[in-house]
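The structure appears below as structure tokens.
All chains are identified by letter, namely A, B and C, in their written order; residue positions are counted from 1 within each chain.
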Amino acid sequence: MDAGFYFFEQIFNSAIFYFALVVMCSYIILCFFSALEMKAYMRKNSFIDYREILVSPYAPSVSILAPAYNEEATIVDNVKSIMSLHYGNFEIIIINDGSKDSSLQKLIDAYQLEKVNFCVNEQLHHKPIRGIYKSRNSSYSRLIVIDKENGGKSDALNAGINVSSKDLLLCIDVDCIVEQDALLKLVKPYLEEKKRVIATGGVVRIANSCEVEDGRLVKVHMPKNIISRFQVLEYIRAFLMGRMAWSRLNGLLIISGAMGLFDKEIVIKCGGYSHETVGEDMELVVRMRRYMHDHNLKYQVVYIPDPLCWTESPIDFKVLGRQRNRWTRGTIETLWTHRDLFFNPKYSILGLLSYPYWLFFEWLAPILEGIGLISFILLASLGKINWEFSGILFFMVYAFSILLSTIAVLFEERSYHQYTSGKDVLKLLLLAFIEPIVYHPLTIYWSIRGNIDKFTGKKTWGTMTRAGFAGNQKKTEVTAVSQAVDIKEQQNV
Amino acid sequence: MAKILIIEDEELMLKALEFRLKKDEHEVVVAKDGREALQKVQSDTYDLIITDIMLPFVSGLEIIGKVKQTPHLAHVPMIVLSAVGLENVVLEAFELGVDDFITKPFNLTELTIRVKKLLKK
Amino acid sequence: MLIILSTGPYLENLFLHRLPFFPDNIKISLFIIMFCTIATVEIYLYVFLKKAKMKRDKYLDAKWKEKISNMLSNIIIYGDEDDGLEKVVNHFLPRFKKLPLNNKRVREILIEEIRIYHANFTGFTADVLKELFVRLKLYKYTLKKLKSRLWEVQVEGVREVAQFWLYQYDSLVFALTDHEHEIVRMEAQTAYVRLNKEHPFRFLDHMRGRILPWHQLILFEIITKAQHVKIPSFSKWLNSDNDSIIIFCLKLISHYQQLDAIGELIRLLKHPNEEIRRMSVWVIGKLEAEFVEEELLHIYHQETLKVKVEILTTIGRISSGNYFDFLKGCLDSDLFEVRMAAMKAILGHGKKGKIMLEELLDRVSIPNQGIISHVLDTRI
């Protein structure tokens, strides 16, 4: 018996402790790279005149793809706001993914659409198209509406890709609030990087409690709802610290489904969005990167720190839990599908750094954390705990996570300072103290549930949420589906 | 003399145009974004409309379309004043029925002459 | 309160007396805790001090910007062309001289605002603004900027030189066209095109590395919008071994409709770079060089898909009507893009093409019917 406890204690004291140290170090390193990347970006773009892209006949052409499912309440306004994006050469493709409401009719009425004899080049597989609509009115000549049978988000996007006649694809959520110069900023890396850029992503922010008028963000506020507020902190950390750093290392694995600009040629060559996973946005980027490596092509995936896209976040734990559960399953599925990347030198940074990082820190860390917690409780109940040491260990992790969040807020302050009032910033900073004890354990729980659901093959969850796009859930949920699997901060107990 | 609607989101341009046209004794109404423009177009009538293409909320092309479809406004001459001189945008604008397309940077005097000419028609 | 009081001595005891006796991991933890706490406190201080400073800066910037912008718009309103340049400038100059131009903030805002106004207008307004810039001796600061050690400041300087046509700094700008920093190089080159009257494109001769698409885009914009630039025949760079120069020149040849380049274009049809071949075909179409059609058909069969599609589009653009049979034959192709492009090319022949497509519609397979009706649908 005693030997067993000794063993447990050893794990507790050393193995997990050093794992935690490695995780912490990796965060500090990421932080450092992120700071470098942000600084370089801000310096380079502070005096750029984006109008040059706007007015040039040689700027790349872009198709904006926005799948819609049961969005009748907002679709007309959303389309209108997408149409007013600042860009020269673009088309808008709205894919009505078999909505059960009057989304399509609303569009037809508002934009004077009629069915056209569009002949689709079936390069990617998807559910049958019922009809393609364009407007009689030439002021809406940029709009194409596809009406198809329900098949989920990936399916809808694939149909849109087939119809697209432009070089780049901007995949967005139709209910996102997109900044008007988003396209200009996303396109720029395609024009200026030395290697071929295959995808760019922008920062997604939380729109809850912000003032929105006609699909445009007028004023940024800190969400009133505490759950959303936690997510604000989480998003700032994930985007400004995590993704910027990975962009610097050219090891970025994920671009949010809420907004990403892709090279159409490569997307089609590697087979489009996958129907097999709930994390289609992550899976696509990994597959595109693989494709480039397999064909020995030099490439880059770029993230830009400008806040370009605002999304409504879940405001109750149930919906949020479902979202995180799905993100976890998406991660597992992507990691499993591409398991041969693991420490595969052929894929350089993708195989040697990004993949292992995701495997150990994104997938494994929450599990270890959960196990740590359970064994702690177990030992504690048997009175085998050195309370003082445990307290110190716990406090170390706690202090570190506060530091990390504080640095994230600093980054935000030094770059875009969206939250202009000192009060809002203070709120964010104070939130960093509660987050590790209140919010973080929940994300661990959801993540573990995701694992359990995935490995027990609890398909009901899977199909239900996949129908999530297709399905009978609230609007917030729809947004959630498409959001990225986020980089979650980990602490270890 | 004439009532002119200017739709322009750049403060600087708006100011310059507004004052310049007021100096020529025109009555000037301004709209700073597409939404405001649509309201103003629907609620009143004008002798001339000057519009930008890239506008907040509603694109200039859509506004042109709306104006040209509204019976009491369809005959109102329109000038597009835009930094975007892309062939497809210019063609689109003319197809919708605008009378003139001026790209930035532009000559203010030239603009006032064009305004005068269109108002005479 | 009690907790704080009791933790004080505890922490003191912990860190000062007991620390050496702890196991390694606890020692490390304690150090990390200390580090994190100190760092967090420092960041707090930094964030709030910075925030206060930023608020002040913002207020001052807005104040001056408003003021200066009002002064500048007065020029636009009251600067009457009939009064002549001299009189207008003399009228407004004293007011601007009263501004505290020794203050860097005010000066930079003024320069920036004049530059933006200047960039938006041509004609009399622009002349007045330039004169103002010169009379206020703002160019002295431009010179300083050009010689700065920070590249972003240099870029600013170069931009001012280009915007206000400061010919006297021509040679300084030329020196920067070979600058080690890419963005400075690019800005200097665009500025040089505007400034130099004799050989504005001299830098193309000794270009290092690739001209990035972004750079091409800006150069193109500057070259085609500037009124006084002497346009050379760009075909002389078409044999460059730098592919990006060739692509850039192809765009310009198309823009300026330089027919003398056609000979070179035909040669480029055999270039190893696919993009260059495609662009050459495209330019041939833009120049509507009918006599090259045969050459295009000649290379068609060994070409890649992208170039094939471009050739078909070009045949449609030239629309000589000599190759209807060839275009119709393309319907047998396995490639969707080829069939689509061929049918569009037939439509490119105007009325005649339309009639031909309508006739074809009844005679072809169902998939091809789809393509033809797509092409015939004017709403798409």
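Observations, loosely collected:
Definition applied: a residue touches a chain if its C-beta (ideal position, glycine included) is under 8 Å from a C-beta of that chain, and two chains touch if they have at least 3 such contacts.
Because the structure is a prediction, the values reported are computed rather than measured.
Looking at B-C alongside A-B, one finds more C-beta pairs in contact between the chains of A-B. When every chain is reduced to the mean of its CA atoms, the largest separation from subunit B belongs to A.
Rounded to whole angstrom, the centroid-to-centroid distance between subunit B and subunit C, based on C-alpha atoms, equals 27 Å.
Remark: subunit A and subunit B have CA centroids separated by 40 Å (rounded to whole angstrom). For subunit A, residues touching at least two other chains, in rising order: 55-56. Taken together, the subunit B residues at the contact with subunit A in this complex read 34-35, 54-59, 61-62, 64-66, 69, 83-89, 92, 95-96. The touching residues of subunit B, when paired with subunit C in their complex, are 10-13, 15-16, 19-20, 23, 104-110.
Contact residues on subunit A toward subunit C in their complex (touch as defined above): 13-14, 17, 21, 24, 43-44, 46-47, 52-53, 55-56, 58-59, 114, 116-119, 121-122, 134-136, 188, 190-192, 194, 389, 392-393, 395-396, 399-400, 402-403, 406-407, 409-410, 413-414, 417, 422, 425, 429. If you check the complex, the residues on subunit C that touch subunit A are 23, 25-26, 28-30, 32-33, 36-37, 39-40, 43-44, 46-48, 50-51, 54, 152, 155-156, 159, 183, 210, 212-218, 220-221, 251, 336-337, 340, 370-371, 373-374, 376-377, 379-380.
Interface residues of subunit A, counted against subunit B in their complex, comprise 51, 54-57, 80-81, 83-84, 86, 88-89, 137-141, 180, 213-216.
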